[in-house]
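Next come two complexes built around subunit A: one with subunit B, the other with subunit C.
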Partner chain A sequence: MTALDERPRTPRRGPTGALGGRITGQELVLIGVIAGLWLVLGLATDTFFQAGTLGNLAYVVAPIALVGIGMTVVIASGGIDVSVGSAVTVVTVIVAKLVRDQGASFAVALLVAVGAGALLGLTNGLLISLGRVHAIIITFGTLNLFRFIALRIFDSEQVAGVPGTLAFLGGGGAGRTWNVPHAFLLMLLLAAITWWFMRNTPSGRHYYAMGGDRAAARLAGVNVRRQEILAYVLTGVLVGLASTVIIGGGGLIGQNVGVGMELQVIAAVVIGGTSIMGGRGTVLGTVLGALLVGTVSSGVTILHWPSQLTSLFVGVFILVAVGTDVLRERARRRA
Partner chain B sequence: MTRSRRHAGRAVKVLAGASAALLALAGCTQKNTGGGSGGDGGGGGGDAVRVAFVPKIQGIPYFEAMNTGGKQAAQDIEGLEWVYNGPTSADPASQTQIVRTLIQQQVDTIVVAPNDPNSMAPVLQEAKNQGITVMTSDTDAPDSVREVFVSQASTEGIGQALTDQLMEAMGGSGKYAIVSCGETAENLNSWIEVQKSYTASKYPDAEIVDIVYAGEDQAKATAMAKDLMNANPDLKGLVGECTTSAPGVAQAVAEAGKIGEVSTVGLGTPNSMAEYLKSGASSASVLWDVEKLGYLTAWAGYHVNQGNDLSAELKNASELEGVSYDSQSKVLLLGDPLVLTEQNVDDYDY
Partner chain C sequence: MSTTRTGQAPGRAGSVPARLLRALVTQRLVLLVVLLAGLIVVMKLLENGGYLLAPYSSDYLAAALIDAVPLGLLALAELVVIVSGRGGIDLSVGSMVSLTGMTFGFAVGQWGWPLLPAALLALLAGGLLGAVNGFFVAALGFPPLITTLATYYAYSSLALVSNGSAPISTPRIQELTWLTQPVELPLFGRYVPDFPMGLFLFALPVIVLLWLNVTRGTYGRQLYAIGTNDTAGRYAGVPVAWVRFRAYLVSGLICGLVAIVNVSQFASARPDAGTAGNGMALPAITIAVLGGVAITGGIGRVVGVVVATVLVVWLNAGILLSFEGSEGSQYQLLALGGVLVFAAVLNGFATRRYGGTS
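Presenting the complex of A and B:
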């Protein structure tokens, strides 16, 4: 077949041989940092290692990491999707109203969420693929468009009194088994599948090829358009799942649900070692990135530090991650 | 040449005709919404006094409730016309743009709830130069030329009511924490100051252990409230300082299964708090009657424009009981805060 199937660009460079190359350097660093932070938090407080605290952390991380899985594929293939926050708003309000006003069941709510998310993702994918304009411009447009649609559906009111139909995926007791949120387990499962897909299937490898050099990938026979559209549809599906996690135990859905979420997701992806220029990145890194951001934001509250420090830490993490990426790229070119 | 010029001429005529028709239409609707004509010849907009209110953002329940109150006032008061026009995002620039448009339309009174008091001040000056009555409502622009500020409640009133309601639920003692929203929001910060000093002086057995900021993000408020409960196992109370964190902290208590163990109060709108008040996840919500605030805003916009003395007019307005006017600071105060509980929350619909 083509040379692409022989892993022309592995997502990692450099020796991590002991683990058979399954884990990249950046991921090892992240695991170390997270373990270090947990150790410090465990020593500094007597409450961090309680099941409750870690369970909350896992629940908060789940929707960010879920969308992050799709975002990793999109960014690794050279695109970006800044409309995911608004897409979450649209899906959340649709499903919340469906569950409250029509009494939809768990299965119906889940299907509608995934379907609506996929439709929004397909819109992005088609516009980007056919418009031939950079993804950041197109999705910036749909960010506003989706927001408008969501506000129309809200109709100047919040959705109050949403029943606990989706509580199985929520943050309350019904959403946990032995204090592990089901949403987190779902995220881990999907992350593992996507991680395997990106590493071991030709289609998965093609995403890295597209991100590395789109024209070359096309010349080598990659169906660039189909791959691209599928990446945005995947992100949309994950947006749908994340929305059901956010609705979870029900209650009140306000109009600013999802607002700004795209930045949290992109932060997790970038901190996880995915190159913002495309061509490199792993889903495992993104999950770790989301965990790190979640740990910091929880830790700041637990330690009674001022909330604004979270922004400082996340900012530093992003700059360090991007900095290492730039240095790595330079070293690679020189070599 | 001539042909194209003739074409252009025709186009201009069509345009002129269309805009004339539009103007006529606009005139009609104006007269219709104006209700009965007072006939005392106000500004250039016809015979009614046109009071335009510019909220921080259009389409959210809070300001829509103010709009409802304003419309009610326009029905009750002869010769008052209510105009409601705000930006679609809480953005100072688009808000000043709307005020400029209203100046061009020569409304009689402009009332603003400024997103940014500093950038609004010069625009209000422009309006005043055009002979328009200028006021603020909900949020003040203290360093501007505004003639009256319609205030929803005093800082002390809100801060003390929040503290009293929480202390009633907590039995007057124990540790509690505050989940606030924007770190720079001046009104929230001044309420927190009152809560701190009032708690220290009136409830010596109670203690504020932490104040955190969740932004205007309900999910984040919920996550932070859970972290606070985990970090302080002896926590007995939580305050949600704004309309997103009030339901946020209540949701956290419900999800953590700590109803009855941890009490919450907050500033939340009736519809958003109803289920939490009924489940016991929230003990009380402190707010003000938002529709009445809109009513008062329209009422004041009319009377200030007519040059009437507000204190004297208040005595004749039985529907505005509890409202007071301080002519020194030019602040029209709605009155005591409204305390929403399980019992009365269904009396309000916004």
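Presenting the complex of A and C:
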């Protein structure tokens, strides 16, 4: 139902009409808020607009936004995946050990990361789809299971001395061209592809249909199960890529890598305007949401405020984002 | 609803094994009790075979129950919130424990308040935090998952900032450990193991009060009504928003209690008490679901959650005896995740095979 409201090329009233409906209201607001924050931070400090600061910001945002792309598809289709943090831990430790102990090349490491991520995503997808259990329950379970697997592979030690095989995607000098992290560019490319896919292909539209009304989508001929499993596999693949970004230049990989990341990712997705009830949401919004969270975190650091304040701001931003979503939904129903 | 056995056609008697299997699959309480009995038998066999690091004795099990107090109380908080329906869930319980724990810590440790007023302050703080959740969810209609994710962030941040990320552990706080330490029961205490004080001070009163309220009181009926069907509840004259608001309020109050338990258990008010690692919310939700609470709302029993808590705590206690070093805590993750997925998939199967579970 709600999915129809975002049908491509449907003329819409309001501030989005001028852009042919390509950008939603939430995204415009986010762009405005981010621009405002950057302006304030630029005026209040003399370090924010230095290329290094922005480059770091882009690198920190990249893994959150990468996983967020998949999470957007999952949430828009009516599901959720709270196991991504643990999945990142698993893939990171596997690939880090592979690179250090087996001397795997960049291509092999990348392939293994994507493959392992996809496998974890497939596990979630199969359990949810075949077990016909609510996604949040299954992924709460696999959150624990994946963490167990990761800790077994860690074998009670951190992974120290990881070589820089994946430095091309890392945050260091080798991972940047003109101070733009390659990881950020990769994220933008994948986000653009997914954005186009969700807007313009039947399969993409089916995700919104499933999120709006799963039973109706199935009756309308959507292969609900296949679509659902693929959404979790996609998220798994992106988890794999995010893990290679996190390993990046190598060094020390601690056992708490990835812990709590699922909440950051979900926060970015929700701030980006995706409805947690499903049926609505765009990848562009998620990227902006991740950028906003990254900006807040970076700003708090630059202003020398206690870093724990970041969470307070993230919480407030989530509430504001959901508030506007709830209000807009009410206005739409009244119209 | 929670107490009726759905899908049983009257007068249709199957064979005894078939009926037993059906009870095992469709009634969560039966399954949990069987699992609990199986666990104890297996651990006793392992003990007799000499595979354990220490005996799996009744003293050990009684002492382990101190872990059941915070875990079980939070799982009961999740029960109330999840049963209230419309995607009800409370991700912020861990942060609420941290923040109210710091409040309690300030009151006792730095302002020198006596125990009782400080405990009341902790409850008040918990109630206030829960009321914020309830206001957004019930009055404004925000989705619970996201609202409590936002307050999870906000509360945990406030807890950390309140004392510059440092714990409060003054002598006055360290004196409070008697609240949770094992005690010998009066009269027949010599014949049974020493149970932790926290069990009687915190867990039992909450369990009894909640059970009475949910199964015997008007509030419980209204809660299950709106959890099953919002609209039907409204037409039946239930003040939907008010009932749902109180569910989140109860969750906050319970967090206040858990904070007191936590502070006395560790002799220190830690700003990350409820959020360190995977936090307290995930295990609490896991146990609630394992105890038979349907994530869709309207279904769930206090008894089921209590038995599930005991099962998980004794399973964890058994795992700790079975592995050396940090391996035990790792296998606890496997057990928690495995049991949850198993129970959830079984639930899905039972719904299809028998048309309903209770």
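In the analysis below, the second predicted complex is superposed on the first by the 320 of 335 C-alpha atoms of A that agree within 3 Å, B and C clash if a C-alpha of one lies under 4 Å from a C-alpha of the other, contacts with A are read in each partner's own complex, and residues count from 1 in each chain.
Definition applied: a contact is a pair of C-beta atoms (placed from the backbone, for glycine too) under 8 Å apart; a residue touches a chain by one contact, two chains touch by 3 or more.
Predicted, not measured: the structure shown is a model, and the values here were computed from it.
Considered on the superposed subunit A, subunit B and subunit C are sterically incompatible, since they clash. By the touch criterion stated above, A:45 is placed in contact with subunit B alone, subunit C being left untouched.
By the document's definition of touching, both partners, subunit B and subunit C, reach A:151.
Once the two complexes are overlaid on the shared chain, A:246 sits against subunit B while remaining clear of subunit C. Contact with subunit B, but none with subunit C, is seen for A:161 once the two complexes are overlaid on the shared chain. After overlaying the two complexes on the shared chain, residue contacts for A:319 are found with subunit C alone; subunit B is out of touch.
Contacts of A:143 after superposition: subunit C is touched, whereas subunit B is not reached.
When the two complexes are overlaid on their common chain A, residue A:308 makes contact with subunit B and with subunit C alike. By the touch criterion defined above, A:257 reaches subunit B but does not reach subunit C.
Applying the stated contact rule after C-alpha superposition, one finds that A:276 touches subunit C and leaves subunit B untouched. Stretch 55-63 is the one of subunit C that runs into subunit B, the other listed stretches 1-9, 55-63, 73-81 or 217-225 having no clashing C-alpha atoms. With the contact threshold set out at the top, residues 151, 156, 256, 259-260, 308 of subunit A are in contact with subunit B in one structure and with subunit C in the other.
Contact residues of subunit C toward subunit A in the complex are 87, 89, 91, 136, 140-143, 145-147, 149-158, 160-161, 164-165, 277-279, 282, 285-286, 289, 295-296, 325-327, 330-331, 333-334, 336-338, 340-341, 344-345, 347-349, 351-352.
Against subunit C, in their complex, subunit A makes its touches with residues 80, 127, 131-134, 136-138, 140-145, 147-148, 151-152, 156, 256, 259-260, 263, 266-267, 270, 276-277, 306, 308-312, 314-316, 318-319, 322-323, 326. Touching subunit B in their complex are the following residues of subunit A: 45, 47, 50, 52-53, 56, 60, 151, 154, 156-158, 160-161, 170-173, 246, 249, 251-252, 254-257, 259-260, 297-298, 301-302, 304, 307-308.
Subunit B makes touch with subunit A in their complex at residues 59-61, 64, 88, 183, 209-210, 212-214, 216-219, 222-224, 226-231, 233, 244, 247, 251, 254-257, 271-272, 274-276.
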